[in-house]
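The two complexes that follow have subunit A in common; it is paired with subunit B in the first and with subunit C in the second.
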Partner chain A sequence: MNRFLRLFYVGVFVFLGSFLMFRLIRDGFYPLAVFVGACVVFGTLVFLRKALTPYRWMAVGIALAVLFTIYPIVYTVFLSFTNMSGGHLLTKQQAIQRILEQKYIPEDAITYSWSAYKNPAGEYLLLVFDADGNGFVARPGKALEPKGPLEEPPAELDGYAMIDMVEAVQRIDEIGKIEFGAAPEALTIQSLGEAAVSKPAFAYDEKTDTFSDVVSGTTYRVNRGTYVSDAGEGLSPGFMVNIGLGNYTRFLGNDGYRKPILEIILWNIAFAFFSVLFSFALGLTIAIAFENLPGKRVIRSLLIIPYPIPVLVSIMVWRALLNERMGLVTSGLSSLFGSSPHFFTEVGWTRFAIVLINVYLSYPYFYILSSGALKSIPKELYEAADIDGAGPLVTLRSITLPMLLRILGPLLIASFSFNFNNFTLVWGFNAGLPAMADTIVPMGHSDLLISFIYRLGFNTANAADYGFSAAITVMLFILVSLMVFFQTINTRAMKETA
Partner chain B sequence: MTKESKVFGRTIKYLFAAVLVAFAILPFLWVVSTSFNAARSLLGAHMIPKTLTIGNYRDLLSNETLNFTRWMLNSFKVSAISVFFIVTITCITAYALSRFRFKGKKAIMMGIMILNVFPGILAMIAIYTMMQQFGTYIPWIGLNTHGGLICIYVSGAMSINTLMVKAYIDSIAFELDESAIMEGATHWQAFWKIVFPIIRPMVVTIGILAFMSTYGDFIIANLLLKGNDKITVMVGIYQFTQQRFDTNWGIVTAGTVLAAIPVVILFFMTQRHILNGLTSGAVKQ
Partner chain C sequence: MRKNGLLLCMSVLLILACVTQVFAAGADKKDAATGAAGKTLTVWVYDNGRIDVLTEIGKQFQKKYGIPVQVSLVDLGQIRTQFLLASGGAECADLAIIPHDNLGALVENAAVLPINLGAKKKNYLAPAIEGFMYNGKLYGVPLAVENIGFFRNTDLVPKAPATWDEMVAIGTDLVKKGKCEVIMGFPDATYNSYPFFTSFGGNIFGKNADGSLSPDKIEIANAGMVQGLELMTSLVKKGLVPNAIDWDAAHVLFESGKAPFIMTGPWALNRFKTAGVHYAITPFPAAKKGGKPGAPFLGVQGMIISASSKQALLAQAFAVEVIATEASMQAIYKAEQRPSAWKSISASVKDADSTGFAAAGVNAVPMPSIPAMGYVWDSWVSAAALSFSGKKTPQDALLNAKTQIETQIKAKK
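And now, the complex of A and B:
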């Protein structure tokens, strides 16, 4: 590539990257700013230094992975030490900005009556009259233009057409947001009859980091992410601050969280374990049983039908089949036995249904894998076993299974770790329900940790509690990493002994 | 083994097969049959409908508040763009990892392996808030945008696919492209003219699997997309089964069938590719 052209591209890249970084820092998004900065530096170095040519091939991939996979993991840890939640979503810089935007109308303010005008481009202006009947034209961001005394507002003004009362009522929210006139003397409409100059309600003092009420003079000081007056009154919005281990102690130190979470963890492990065990067992059984059966090809293509169907679609279908009142399975069971289990309200049956559906969803995958892996086991092993007089069960136990586990071990681990976080199944089937009784935050008996976190973050009636969810996510990170780590060591050891 | 016991064994196997096949396909036969059933409620529905109708499909597609066609188009758009980027980015990354010698290669391989076993979706809270922040500065990758969703998909698919393609490129004789480079070809030409044609079957497999998984994704799409005109068909199906589960079964099942059909067809058209890819990928490791 032309050298100058490349320098030009790098220049543009650095400019855009720095611009983004500058804005992130200004608004207080420090972790993201660091990651964006790292990507900018990395990109610049790679495209300027010849020795780093191989990295040019990987630059896009690495940048994507860093920003969209690694950053969220790091940011989760960061969030887990903050109080980010419903009332504390913004950074401090953003919150200060929002508080400064809050306005009030001083008692001695001049009030005007107004008529609104709109041009074909959808821009507005106001024609306002003071108490003496003097007219002024007020455009957003420009000083008022005196028009002298006017009898009636004209139907048209500089290419703007007056909007009638009905339309003004309909659009009052939209127009109410606009500031007409230049900054300190800007007008906003207060009601259908009145517009007035409003002033910032709070003044910010950077040195002491306090707000004071312009009218009453009350001082507001920072307290855990909110500006609070001595009387205990807080300014909204709050912002997120570091609260140390607060989120962790909140659930580790509290029986009300610890017990139900322990139940979720146990069910979570059991669910992942039995899902993998049963689907692998079924897939393997099919692979072995039908290996030499005439008509195998037809059976095979029928049996892998669940594989390509989108998982969520299958889950929806099973929900319908098991539906309390009219599902095919439930009504079938009812007519056979007189009653049918409640697959959505009884804990045991819900869990049973979830594992059953998971076996349905995953056995084709293990069937495909097992039959591939079976072919790769050397035939001589079986011949030798046959000569030694080993029966089919012995060969299965001492040749087929160890060889298969050796080949498929990593995939079984991957499947376990996938199922450990199988949000789609649990959420799609019953959203983690039935609900546990008397918990501090809503929890369900069929919840996995990940669906519990999701509900905590996005689906509670009370405010979303991101910091707290992040802390539980971090515990989940550790749990999953430990499990994957030990299982990997285990299969390694198995490989060496096999 | 006597002849009788062999026949007996086979009979057992066929019975077993019959039970399994029923387990595998009955749910879908039932959905398909319900979607063509004129009876609006499940109560009157039988496995074989008394009167066949395509009315459910017509209602589904003409219903403007449902926006079903839009959801399908969204899904196709997001998946197609994601697949394009997944395939291109992983191929060139894998080529570099296979063919270049450079400092930090071990660290990068290690990083990819770790990312591969670590379920990144756990960080959903952070992904959500991060997208919200991105959106304030770069509107097209914020929350409720297809751009943001695609970024997450592509980044999430990187590690496993790069490992697979790299293993495949490693298995191609180095002499092939090395001799081309000796004769003055650039690495780019060696990749594009020599290596890429050889790995094309693998690339097709990866592309199809990536299409199936992005098309079928529910977690991330459900997390990031909110607007009725933005959601993918999986999120749409979930939402409207939540709302009208008991009321209009015909439309619900018709939607389910239509949503599943594209990937099912894709799979059975390319079955051989995918099955080979799955097993060879697994057995090689």
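And now, the complex of A and C:
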């Protein structure tokens, strides 16, 4: 019974998975379809093969990790080699199709008003009127027959009955697909009120892979994902193509990016480092100071308050506090000292404020961790140190810190990596400003790499440059991975010596 | 035996999945061919306030033509993406409402269809139509227009200043007397401060011969823009305007009577009313006596047709014959209370706020809708910040912005 139930569930799973996969393939998302397919195969195997039984517990987690972590990484790397951006979003086939769909109405063409007629066999003809009220009968594939001036369209015409407005609206797209009249001068319906000769504006030659303008004869050749004429006019839409290392060389090969980005990288590392250092130091200090004091519970509850408040709200409160004119902090400082720092317009103070806010936001976390970890240090060590005559500083340095770091080391690294990409804080506080001077793209002194990428790739709204942003993201990813890697090695070394 | 059963089971399911797909695809095709019964028009709106009224208009359409209209709320970013990627197989509505500054990217990706409004065009405000024109073709049925206005605190300033100099004189006087702290706060140094620039003849993009905007003619550092930024910078340097640009703080200054002026849009009305500040909305001051008042950006919202719609003619019939009528436009205006793009409705409005915004927006210029505008904002923000902090002269700052914009446009080519 149990086995059948399992088979049933796996069947449902495979059914849903395949359904999703087919939809993705139909819609052209091939790489994602492959990943979904792999997950389906994996899931099925795990639940049907005895040997893989232990994986059952992790199957869901692994599948989700593949879909939501591995796939985006692979896809970002893939994107970084393309020119995907506004205007280059479609595949080549789609772009060609869209260019072919573009029609034009010749300048000397007459626009007619129309009434549609239908015979019992379901065939249509149009009775069209020019601006002077002359009627013509237009049948598919035959030249227009002049009917002379007509006051009103008749209710019946050669065995065809006129369709009323309601039916005309209902069937307008059906009728709109039919060409009425003889070939080059065939009429099509343009709107409820108009029919006119309309022709494709561009002709595509598959052999040479070029488009030519039907009217002017201009030839458009493929160049980096756009059909371009010799004069440099491009046809829209363009399409997505692989441009190799183009995005990488654009970034690395340009002084304009390289120099300011170095400042951003250094600030980024400093920001992450000092944020972790100060919030850990503060959290630990409080934890040690209050370890054996009465009222510890109350203080702990109070200190944890900043923690559950949404980060964005805290940032907004800090923005208001530090506002250069009306902020509580700034006006307090200026009434005490006559002037106060510019927390939004001066580089140093902006960075100081950002680290300050980050310390405020994250010290409760380290306080909780440290106060827990402190308990795990054997009391005997302290007693021994006491007997040996070690002062509080020495015990801190030789007992507390090494023991704590053993436990908290990995968390500190995680916190560092998190802060390395702390977009919310930097963007929410001052959007990366104050601005850097003389850069070739807008950059700010308080920008982290991630906010710089965001500005470049997404804040440009309709001009978004996904391929380029993906390339920078990949480089950032490599950078962070390397740092985490070396830190992990260091921690391991530290653990072994400890 | 068991394994075989398993294989059989799996294959059956796989085949079933395939069949369902084929069936579904077949059903799609059938829909397109069966006429009235199987058809539905879908409309995406990004603004909550429009759903009910459009649903109501859709019901009338259904009563008359038997085709239901389904209106749903979709995030603007999502509308944009789905329209852009629609021929990539993404689901897409037949019609959608967008702010016109998104139009350029959609046209450049051939994601929208031109609309023929015919003689109805003349019922609309000219700048509203202009907003939805791209490369000489009309791509949308305008619904509402929006622009910022020049607010003054009527308790402090009884008569609206005609020039920036007058404004500065009045403001400086109030600051000296201790009645105010500053002249105004800039909510931002770009969109909400554009009249400063335009009053001197500032402009962002130049025009091609056919009247469309050209991304190759960047005028962000022209004489008018520089003079505008010089004026703004001098106000900041004298301490008459706060150095740090802060949207909220600028509004708070006005609400609390600490600043007699502000330049902002209809979205601020509620908070001003709640704060109880007495205000009036007037046209922007001019650069000099008798000069042209500063011109704000005009935002136009309108209905577009997806190029991937399988019933584009029907969609167009709905947009042109049903939406672009006085009755529908009136209903839409009543529902959303945004200034209507329909001339006679716009002219019939009498309340002080609306007429004030209309007067301030008489010479409004549609916000550029070419995609390259996306590069402008951040560079413009940086230029203003660099100029205010004194790190660069206004001219150098704007030239720097121009170079940045050029670089990004070139990099994409």
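The working rule: the second predicted complex is superposed on the first by the 345 of 498 C-alpha atoms of A that agree within 3 Å, B and C clash if a C-alpha of one lies under 4 Å from a C-alpha of the other, contacts with A are read in each partner's own complex, and residues count from 1 in each chain.
One rule holds in what follows: contacts are C-beta pairs under 8 Å (C-beta built on N, C-alpha and C of every residue); 3 or more make two chains touch, one makes a residue touch a chain.
Computed from a predicted model, the values in this text were never measured in an experiment.
In the overlay built on the shared chain, the residue A:97 is in contact with subunit C alone; subunit B does not reach it. In the overlay built on the shared chain, the residue A:323 is in contact with subunit B and with subunit C. In the superposed model, A:354 lies in contact with neither subunit B nor subunit C. Shared-chain residue A:457: touches subunit B; no touch with subunit C. When both complexes are overlaid on chain A, the residue A:171 reaches subunit C alone and has no touch with subunit B. Contacts of A:73 after superposition on the shared chain: subunit B is touched, whereas subunit C is not.
Legend: residue contacts after superposition of the two complexes on their common chain; A:116 is shown touching neither subunit B nor subunit C. Shared-chain residue A:473: touches subunit B; no touch with subunit C. Comparing subunit B with subunit C, the partner in contact with more residues of subunit A is B. In the superposition on chain A, no contact is made by A:261 with either subunit B or subunit C.
Residues 23, 27, 29, 319-320, 323, 325-326 of subunit A lie in contact with subunit B in one complex and with subunit C in the other. The residues of subunit C lying in touch with subunit A in their complex are 6, 9-10, 13-14, 16-18, 20-21, 25, 32-33, 35-36, 39, 64-67, 80, 84-85, 87-90, 101-102, 104-105, 107-111, 116, 118, 181-182, 242-244, 246, 248-249, 252-253, 307, 310-314, 316-317, 320-321, 371-375, 377-379, 381-383, 385-386, 388-389, 391-392, 400, 403-404, 407-408, 411-412.
In the complex of the two chains, the subunit A residues touching subunit B come out as 20, 23-24, 27, 29, 32, 52-55, 57-58, 60-62, 64-65, 67-73, 75-76, 79, 84, 286, 289-290, 293, 299, 301-314, 316-321, 323, 325-328, 360, 364-365, 368-369, 371-373, 376, 407-408, 410-411, 413-414, 417-418, 420-421, 423-424, 428, 450, 453-454, 457-458, 466, 469-470, 473, 476-477, 480-481, 484, 488. Within the complex, the subunit B residues that touch subunit A are 10, 13-14, 16-17, 20-21, 23-25, 27-28, 30-31, 41-43, 45, 47, 89-90, 92-93, 95-97, 100, 102, 105, 108, 111, 115, 117-130, 133-134, 136-138, 151-152, 154-156, 158-159, 162, 212, 215-216, 218-219, 223, 234, 237-238, 241, 245-246, 249, 252-253, 256, 259-260, 263-264, 266-268, 271, 275, 278-280, 282-283, 285. Interface residues of subunit A facing subunit C in the complex, by the touch rule stated above, are 7, 11, 14-15, 18-19, 22-23, 26-29, 44, 48, 85-87, 89-91, 94, 97-99, 101-102, 166, 169-174, 176, 189-194, 236-237, 250, 256, 319-320, 323-326, 342-346, 433-444, 455, 459-465, 468.
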